[in-house]
Each structure stands twice: as C-alpha cells, then as structure tokens.
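We just call them A, B, C and D in the order they show up, numbering each chain from 1.
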C-alpha cells in the first residue's frame, strides 16, 4: 500500500486500474445521492430563489432598487456577467488546447471543467438579459426579420456579445455533448428506468464501432480547433464591450488579451475548487490525482503571472500615455473609495498565486480549496474594478459619483451562484463527471507507452536502488 | 412651440369666446376634462367648442403671479388644459422670457394640495362647509349688521395692484377702515423710500443696459430683486458688445447676481453704506471727482470714511477699494444699486442712501437712473409690501385692536420671526378669513378658509411696481376652466364682499369679468371713443390677446433732496460671533413655492442643493467648527436654534452663516411639509429706523457642530472643473477686442 | 426475397485489443473465404487508431461538412448582415458607412464558427451513422472492457471464422441472421 | 431588389458625405450656441424643460441616489484654487462658472453605435434621437456618453411624479416614459416636428427663429441661440461662423485664438452640435 500511495503521488494515474473499476467508480458517483448532496441542492435552490425574488422585484419596480444611478448604469450586473463568462473559459479552452497538445492528464478532469463552462455560460447569459431595463423586449437584440425593417444595431458590441455567446454556448454544449456520447453509451448499458430512456436517447445509438470512433476522433479534433479561436474571440468581444467605449479606463487596447488571460485564470481557479470538491465528495482520488492537481496548479500559476503582467502593463501604458482622465481613474483605483477592493484584487490575483509555486501547497487539496476560492474572489473583484471606478470617474467631473450596489443587485449576484450550483449538482448526478472512456484510454496508453516522464525519472533516480523494482515503467501483460 | 396658423380674426374671436366661457360658466362643470376628487371624466369630442381644435395648442396671454414682478405670460392651451407657460413677447417687462418660478406657475395651478372646499372652524378644528354657510358666516361677522367698523377690521395681503386693489380698498372703505397691511418678505421698500426721499420718485428706471459698470450692494437683480427677468434682459445687453459692462457685487453671501459678477466682494454685513462712503471718499479725494452736487453734510460724512477706516469696518482690502473706485470713475455711466442685504439692517436706510449718494457723485442720475414718473392711474398702482407691515400687524393684533382680518396672498405666520410672537397674537383675533389656494401656516390658523381659483383660472389686472420702460397694465385672464368647481375667483369674492357691505352698488355686474370690462372701459380712450356708449369688443379682445394695456407715461423729472445720515453699524456680540443671513433665492422665493415639486427639485443656483435647507459657511469657519460638507451644525440666535447641514464654499464672508429661506414649512402640502428649516423664525428683533422694515440681515448667531452627518442632497459631485476645459474663461479685454460689432 | 446464400453476422468478444488485432491480422493474412477486411467492424470501449490502421483506409467525411458549414457561415453571415443593414430603415447615416465592415467582420467570424461547428456535428451524426436503427448484435461488455469484432459472413463460411476467433481466445461468440434491408 | 437599391443609394450617400465634408445630406442641422457669459445660471431653462418634456420629479431619495431626471442641468463650478490662479484666494472673487448642459447632439455620437437595438440613432435633421419604444434599456449609451447627459428611468416615475391633477399638465406631444427607458434632451423635437409640418403644409422652408426650444424660449438673458446650421441666414450659423467653430474637426482652427467659440470635449471627436462661448471676466 505504501508503494501505491507513493506512486499516486508521482504519476498522473495508476495504470493498474481495471477498466471495469473505472466504470463502476464513475457510475457509482452518479447514484444514491447522500444527505450532503440534497443539502447542497436545497442550499442552491434557496440561493436561486433569492435571485429570482430579486429579479421579480426588479422586473416590477425597475432598476432603481439596485441603486444603479446616472453614472453607474451597469455595475454588478455586467461585472458579474464578465466574471461568469471568464469562468466559462476554463473548461472548453483548456480542454481543447490540451487536447490538441495531447496532454492526456486533462482526461480525468476535462468533463466537469467543460460542464462548468457550459453552466457558467448559462449563468453568464442571465446577466445581460436581466440587466436590461426592459427585459420583456430582450428579443429585439436578436436579428430576426420584422416587416418594419428593423434590425439590431450590428455595430453594438452588445450585439456582438449576443452572437458570440450564442455561438459559444452552442459550441461548448456540442463539445461537451460529443465528448460525452461514448460515456452516455456506457451509462445506457448500465442504467434502468428513466435513466435508461434518457441515456438511450442521448447516446444516439453509440456502439463503439470503428467507424463511429473514427468520425468521433475527427469531429472532436475539429471542434477543439473551432473552440480555441471561438473562446478567445468571445472574451475579446466581452472586452470590446469596454474597450470599444471611449471611457477612460475602458478604452484600453490591451483589454482583450487581459480579459482572456483573466478568464483562463478564473477558470483554472474554479477547476481547482471543483477538483478538490469532487475528489473529496465522490472519492475520485484515483482519477483526480494529486499530480494532475499539481499540473493544474502550475498552469494556473503561469496564467496568473500572465494576467499580472497584463495588469502591470495596463497601468504602465496608462501612466505613460498621460491621458489625464484615464490616469485619474487609475489613481482613484489605488487611492479612492474603491481602493480596498482594488488592492484586494491585486492581492488575491497577483500575490496569492505565488503560494502555488510551492509543491507542498500544490499537492494539498485542503489548502488549495480556500486558495482557489480566493483567487476567484480576486477575479470577481477584478471585474468589479473594471466596471465601477470608470463609471464613477469619467470625463465629466460633474457626474462623478461613487455608488454601492443595492440589495437587488446583491440578491441577483447571490442567486447566480445558486443557479450555477444547482445546474452543476444536477449534472454530476445525471452525467458522468469523469470521462470513463478517456480514463480508460489514459490507463491503456500508460500501460503500454514507455513512460518518459522526466520528472518521474528524476524521482526514481533520487529514490535510488531501494524501490527500483516496482518503480519501473509498467509493461504490458502484468 | 405649436404655431397657430389660423386667421387673426378667428384668433381674436377665440380669445373673446374663451373669456366669456370661462367666466359665464362660473362654477359649472368644465366642458372637457374635469378632475374632481380624483375622478377623471373624459368627455369625447363629439361636439367640441367651436374654437377648440383637437391636437392644436393655442396660446393665451395672461400675467404671472408667482412673484410681485407681474411678468407677462402666454399659456399654451390644448384640449382645455394649460400645458406650458412662456413669457409674453408683448410684455415690455419680460419680453417673452420667464424665470423658473414663472415656469413653475403650472404646478401652483395643478398642485395636488389645492384647497377645493370652503372650511369653517368648528370646535377648534377646520371642517368642510358650503360656500353659502361660509359666506353667511362672513356676513354675520363683517356684514352691515355685525357692527364692525373702523380700524377693528383689516386686510393682510401680499403685493396687490390693479382692480383687485381698487375693490379691496372699496371694501375697506365700506368698513371705514384703512388697515391694509401689505406683507412681502422680499421687497424693495427701503430702496423705494430712499429714491422717494432723494429723487422724488420711488421707482426710477434703472438702465443696467446703459451702464458700463454696475456696483451692486447685495441687489440680486438677476434673482429676486425687483424685476429679475427684466433686469436679466438688460444684463444681457450690458454684457455684450465692445462696451461690455463690468459687474461688481459686494454682499455678505453670494447671490445669483454675485455669482455672475466680474468681481465679487465679501462684505461684512451692515457695512454696505460704509463701503459706499469709502468709495465716495476715494473718488473725491484720490480721483478728484467733482463733488459739487453733494450737500455739505454728506461731504463731511464722506470725509470721515477714509480708506483705512473703511477697510477696517468693511473688511475689504484698501487697494481693492481704490481699484473699484477707479473703475467707477473710468466706466461712466455706472450704476450703483443697493439691495436686500444693504437694506436689511438697523441702519439699512442709511446704507441705501449712501449708495444713492454714490450714484449722484458719479453723475448717474438721468444717465442710468432715469425718471419714470407715476403710474397714470394711481388707484391701480402697485401697493408694494414690506416687513414693516408685518410688525405693525403684529402690534395691532397683540394690542387686541383687530376683530376681523381677511388674508390673501401672504403667509405671515410662516414669515414672521419668533420674536414677533405672531402665532399667539394671530390666534387672539376673533375672526380670521383666509382667501387661499393652499393650506399654508396662516390658512391653518384661520377661522374661515375660502378656496381660491389659481392665478391661471382667474381674472385680474396688475400693475408692476417696477415698470420696465412703458407703463402698462398687465391683464390676467383664465387659461383654463377651474380645475375644482369648489374654488372661486378672488375678484368675484371682492365683488361679493363689497355687495355685502353696500347692497346694490355692483348690481349691474354679473361677475368680476364684467366688472373688469366695464372698469377698463371707463379708462378714457381705451375701449371707448370720446362719445361711444358701447365697448369696442375688438379693442377689448386685442388687450386680452396682448395681455398688456399700454398706459401713457407721465414722465416727471427728478426732484433733488439730498441728505445723508451717519451709518449705524452695530458691533458684534462676542457670544454670537456670526451674522445670520436668510438668503432669498429665486427658487422657493420667500417660501411660497415650497409646494412646487419642480422647484423643490430644481437645484439651488449656488449650492446645487435640492429638497432641503442648508447653511452656507466659509471654509475657515468650517475649519473652526471642524465640520465637512453635509455635517449638521446648530445655528443659534437669542430667538431660537436651527439644525441644518452645511455647505462650504468661499462665496461667503468669513463671519457669515447663510441659510436660505423658503423651507421649514409646518404645513403647505406634501411637498413642503416638514422639510428643512426656516431661518426667518430665529431672526432677532430690530428694524430700520426710517422705514420700519425688519432688519432681516442684522441677526447674530453662534454656530456649533453637532457631530452628526446630515442629509445634503446635491446635484453634481464636484466643485471645480478638475483642469478640464468645461467652462473656459477669457478676459474682458480680449472679448472687447473681438466682439466690437455685436 | 430470401437470399440465395443467407448471411450471418458474427460477433466475437475479446478480452483485450491485442487479441482482436491478431484476429484481424489473421483475416488479412489467411483469406477466409467470403470474409473481407472491409466487412469487419470493430467495437471497442475506447478509440484505438492502431486497429483502424490495420483495417485499412476507411472514409471519414466530417471535415467536408466542416468546410462547407464554415464557408456557408462566412458567406451567409456576410450577406445576411449586409442585407439586414442595407434594408434597415432607420439605419443611421450621419457620415458613417451603412454596412460597417469592421463590426461585420467580428460577426462573420462568429457565424463562421457557429455554422462550422453545427455542420461538424451534423457531419458527425451522419458520418458515424448515429441516430439510426442499429442491429441488436451487441454486448454491454463492449462499453465496459471488451473488444468486439463483427464479421459478416455467409452461412457456409461461419465455421472458419469461429475457429479463428477461438484460436485467439475469444470470450464469447454470438451470431445473428442478417435480415433483408 | 430593394436590398440592392438601398445599398447603392446608401453607399453613394456615404461616399458623397465623405467627399463633401459629411453634412450636406441633412435636411437641417440643428445646432445651438450657448453664451456662457450671458448665462446667469438661473435655472429657468431647466424648469422649462421639465414643463415641456414631461420630466419626472423623482423626489428626495431618488435624487440622492443620482436617479434624477434633468435633461437640462446647470452645472456650477467654482474656480480652482491652484490652476490658473496665481494665489489661493479666500473668496470666490470671480463668481461662479455656470454650465448649462443638455445633450450635445453629437454628429459622431458615442451613444449611437453602441445601442444594441438602434434606439439611439441619427436623424436627417442632424439630431441625435432616442426612440423610447425601441429602447430595451441596456444603458450602454449612457455609459458611453462622455457628457453623462442620458437619463434612465430607473422606476416607473409616472406612478408618483404627477399626483392628480398635476398629470393634467403633461405635454401630449411627447410621451411619458416608463421604467427601463433611456431618455435625454431632444432639442425639443416635438416643436421641430410641428414647425416642419406647418411649413410643409404651407409649402415653404422653416424660417429661422420659428423653432424655439423650451430652454431657449425662456432664457431670461437669451444666452441660448438655436437654429439650423445649414441656413446661412440663421443666427446660430452666424454665431458659429463668427466664432469660427466648425463641425467636422477635433480642434478648431481659428484665425484669432481669442474668439470664444468652443465645443465641449472636442478632442474626443464626438462632434457636438452645441457651441459654447467662453465666459468673460473683467478685472
């Protein structure tokens, strides 16, 4: 047993796991929800209800109780929208990129990451809708034929948002779904009752033919190729909501890459959070192993550094550019009434990730849980700090105003977490949150392919002769 | 603007028909839309009135009664409702322009807190009554059978003129009384008295447009002083062209006019006259101006106020005084004005006198101060109000000399300082009748409350106290049917009261409209030719269409009776180191507009505060009190305490705390009630010796921080432009170089 | 109606890929009558490109769908937007272009991806032969850990195939009559 | 077919507008001049605007929250203690600087392109118009307005802004806006429309001075001049010409730099139709 733990600490996955065990482990996670699960569902529904109640109130009364006012027309709604959009970038983009690079350690974790993408996108989608003053007319943003010859204004970045988010939602749902079809077939073969019918329908007759696999491989690759530029474009367009405006602090050329990196960052942090939670609650220790966590953390750290750099470069270019209103906004971020949040964002976003430089922390789920949550708090603050200070300070000093969100706004933001949580909770019980067939592939390949992980070699070297026999790369036929 | 494009003759006809409809209909149900007790009834346009074109607005001329200036207005009427007021271009006074109070006349008219039924006090509380009961009660108390006569009866009104004034006087005469108290907090009585005494005319024409320099001692001629809209147009001409005039304003706290001054001087309150004499001293002694026009006594006095003494008393730097004097000499003709802050002191008369003396020294008489002459029909002339009538009224009421008082157009219980003790004295009067549109403080204490038609529902004629150029009678005609059938015209009431006293004397007249028509007809050469019997209807219609009737001006030259009394500057009481200034503003005015939501939400011109009271203090004072903007301070005078949030700016003298008047209503409808504080209440006793006007600016106060943050709701969150080019400024020199031709 | 030589489908289940590969190699090498490599279908729980190589080149048309979808998105996007803008009655003119190429580029880009992805998905459904009625010759173990080989053979040739399967340690063999279409 | 026709028409119009300076296609180009030296900051324009345009009185609490509606607002600035002054003074000795601010009716408006539903658009009159019933309330336009002159209906203000009979005053020529709609100064478009209609009925051109905005009409010092910039005889055109302010530039080229005309935040290339004339101070 000691040997096994040792192995699990160095290898992405234990290649000795039997395929049947993978199936049973994952299928088990989908059944027999425990008390804790129902509790989580109830909590999520309660949170969602707070949001729904706030929205119903807002629908009837107007945007006023949200404390929105003349300069502060957007505030939390749009910042939380950007936050959720950002969250959505983790799964799909990471999954697609890592897929293209054949980084097979993505396999045990990409499914829930993609689900997270889809659900955070569905959460994000709510915000541009409910932030509308006249929600009941939201369909006017959609380009449909009307005999009055009226179309949406295609020049508006908000319309680009509508296009981009629709495309992205379609794409990520397809990507998630296509990747899940073989697993749905497994579920179908093991289910009874309504689940049987559901999985039979959803697995669209997957039998694991070579023809199906061949098309599947190609399709999955093509989808990944589409999704990478799409994901980048989506967040660039979200950035364009701000960058295309002329407001100081928004009209920044580096916003699109800044947003994309921020999105990846918050997505990675969220993956860590969910990783730890799923690993703990579903006892996925064998699949969501510490080395994978370690790799995810390294990736997060790298992205955090990119994000921090883009942050600094933004400050530098504002300072260097000497555009007074933009400079005022920057100074106000550091010294004004919003400074606690701004400094909090810098701490959470740029300082805290340095903890991920330590291997001990990277492999300590209990520590990573709070850290990753704080990273995301930092990323939420980042979005708030993009929206609010610029609105409070722009060209016309007469309209400068500092404003704090009202209860309706908080209620809806709070509710969005419940909505996301609820979707995710339903997902993990209805769909396999670990890709069974790909873990099988991973195990299969690890068994056969000569293990060339330099890290492992080094590790072996350090260990010396003591445990050499068992540490040799496993070969076939064991 | 919806331009009416139908025939002129039709239009005149419309005017006439409308007039008849509005008056003959009297208290009948309005023909189109009526709103009675919240129920709205829309009668479809099956058979609209002949002159009503659905969807087309028609303009009717009338007169604005929002302040005593009596500007001409035109109301846009559509589907029987008046929608918008504009200035009447035919009016020489305001030439088509209107101020915010005038614009808001609509909300006085449509105010949801209007009185709609007569009220009679029963068992200590006002209860609804019928008009018959109310009038019967009035007849019982003041009719011929009541035995009331002589000085036991009084009217207390605001500024009143025209035929209402004639009927009111007739009513007083019928009772054998001469007690007509005319109360107006914001007034120019001291100025009028000085002009009357020194020039022989109380209201000379002030040619701001002709002046090259205006030195104003607290005369807020763009905001509240005399006839602000008229002066604003003059001011625009004064400011344009190569002769762009220079405006210097010296006052304790910045008024709207001060905010537009080239040079604004913070003056210690009460030293306006000292500054004027100091300037005269510099002009005579340094600038060698010819002082032969001045009497010897005045010269002697002037010589006492050398630069150093003036500087010491007023707090103005000596070089600045000399510079202002030099400008005054160079920029001739100039004009020196003295307004409320100069007049509102124990020695107010002398201060205004000193300002007038400066005008004489500078040779402005007949240049920028033109003889105006008296109004051709003195019985119609404006009876200008003042605060001295308030104290006289308080004395009379306190001494139990009054048995019955009628009130109209004034709210003395709101405006009277605590020291007059007016509320108790008022309650001691046995019979008080309020002719009122609103349940204001005075109305709430009345025994009989008669709901009046609004200014836009009523007939009347008005004569401005200050006539801009041509003398004219301003005609007030209804712009729509009365909203509430339960209200009655003030003119009709005056007629009824007169008939009550002298039955039969007004028999031939159906109502006030008829009275007006015949009264105007009796003015020679207006409606009738030399020997015509009948009234020329088209001439009458033309008057109504113009809203103005031009009167011949009998210009009378000034008579000169120069005198000069010494200044009466009081020293500070160390216990009350600050001066309390109750600022008049052209927003809520003296408080009468506090029930208008537009004006409550219209940011104050200086502080930009809405919906509340505030105290203006200088940053130095704020530092002493350790308060920041919005913190609540107490303003204490021996007569009371106010708690009010502060607004800090440099447009105020260091030793002054300014609290605007207008708020602090205990009653007066939903928009006014319980909002802010009323600085008039805590003013100290004291009045100008010559005119008896209350020394509104003469109170001393102590300030203390409460440590609480208050609610100061302001529009805008910045005080400066933060280096942006928002309002750019160039020097007058540059402007004169480039804009010679316009 | 009935065929002259009735055909059968034979499913062999194997414990791992190696055995399945050997079966196919054997089929390729030893020419069992009536059995061609083209008629072999492999059913596996995971994808396995190596086996598919042994099976030889088999067509995959997904990328054609993708290309045509993307092109459609591109062209349709461009025309749709241009048409909508040109016919927009209140489209602002004030000195600005009616058909705004810069913003349309962004939208066309999204349309390209959207239609590209949708076409890919449709192509996948078609190409993989999904969403149609399947033969019941299947086993749940395939989705667990076994590899199946389905061979279409005429009745008389069944036995050699069975022997071949058994030679390579087949776990189970099932057959089904091949019905008429 | 209409597609092609519209496209060709629009395109040729666009090309011409580039060649010929950008404004000739307009029927009118309504513009304004505000003389800051004449403006006394009296607020009459603001109240006139409330009366003309059915602006809601929002009340104390909502005003405090910054949810007020004042299409025409008078801003008051005090002189800065350090910038432009040689010493810090203890009194505000040059008075205040008043700035009447209403929608600048930009010709290159930042609010127009960002509206997702084209509720903010440009009329052939050169007006920056807002279609209330098209507005979905995304509020992007207000966020992108450097002048912060767009006002949003955060509540259904009509419910308690005009207790009866105050509602009888409402101008039937324009709507009362419900919650969720952006609104702003329109240059009194209802007056422009009715005047244009009247002129059309009589088969003539609109004469200068025929259309007056509510603020202009009431302004006691006539500091506001409104009219058609394309009409070379109009006062507003003459004033623009005299002060050498032009449309179509981010920095006015003046023979004489002392001429007072300028447009607010011209450097942002928003092309406002309102020229301000600089305040003048003597001494």
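To be clear about the criterion, contacts are C-beta pairs under 8 Å (C-beta built on N, C-alpha and C of every residue); 3 or more make two chains touch, one makes a residue touch a chain.
It should be emphasised that the depicted structure is a prediction, and the values quoted were computed from it without experimental measurement.
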- [ ] Would you mind checking which chain's mean C-alpha position lies nearest the centre of all protein C-alpha atoms?
- [x] D
Task: Chain whose Cα centroid lies at the greatest distance from that of chain A - done: B
- [ ] Could you tell me between which two chains the number of C-beta pairs in contact is largest?
- [x] B-D
Open item on the list: Measuring centre to centre with CA averages, how many angstrom lie between chain A and chain C?
Closed with: 31
- [ ] Find the geometric centre of each of chain B and chain C from their Cα atoms only, then give the gap between the two centres in Å, rounded to an integer.
- [x] 91
TODO: Report, in whole Å, the distance between the mean C-alpha point of chain A and the mean C-alpha point of chain B.
DONE: 68
Open item on the list: If a residue has to touch 2 or more other chains to count, which residues of chain D qualify?
Closed with: 68, 73, 75, 77, 99, 113, 118, 265
Task: Touching two or more other chains - residue numbers and ranges from chain C - done: 87-88, 90
- [ ] Could you list the positions in chain B whose residues touch two or more of the other chains?
- [x] 716, 718, 720-724, 726
TODO: Could you pull out which chain A residues touch chain C in their complex?
DONE: 18-20, 23, 143, 148-151, 154-155, 159-160, 163-164, 166-167, 170-171, 174, 178, 181-182, 185-186, 188-190, 204-219, 222-223, 226, 229-230, 233, 237, 240, 437-438, 440-441, 444, 476
TODO: Spell out the residues on chain D that touch chain A in their complex, using ranges where they run on.
DONE: 62, 65-68, 73, 75, 77, 99, 101, 110, 113-118, 134-140, 142-144, 146-148, 151-156, 179-182, 265, 268
Task: Of chain B, residues touching chain D in the complex - done: 1-3, 5, 33, 35, 38, 40, 55, 78-79, 81-87, 94, 96-100, 102-104, 106-107, 110-112, 222-223, 228-229, 232-233, 235-236, 239-240, 244, 246, 248-249, 254, 256-266, 323, 327, 483, 586-587, 597-603, 605-606, 608, 610-612, 618, 620, 649-651, 654, 670, 711, 713, 715-716, 718-732, 734-735, 737-739, 742
Task: chain A residues touching chain D - in the complex, by the definition given at the top - done: 61-64, 67-74, 128, 131-135, 137-138, 140-141, 150-153, 155-159, 162, 241, 244-247, 391, 394-396, 398-399, 401, 403
- [ ] Show which residues of chain C lie in contact with chain A when the two form their complex.
- [x] 17-18, 41-49, 51-52, 55, 58, 60, 62-63, 66, 80-81, 84-85, 87-90, 100, 103-104, 106-107, 109-111, 113-114, 116-118, 120-121, 123-125, 127-134, 138, 140, 142-145, 148
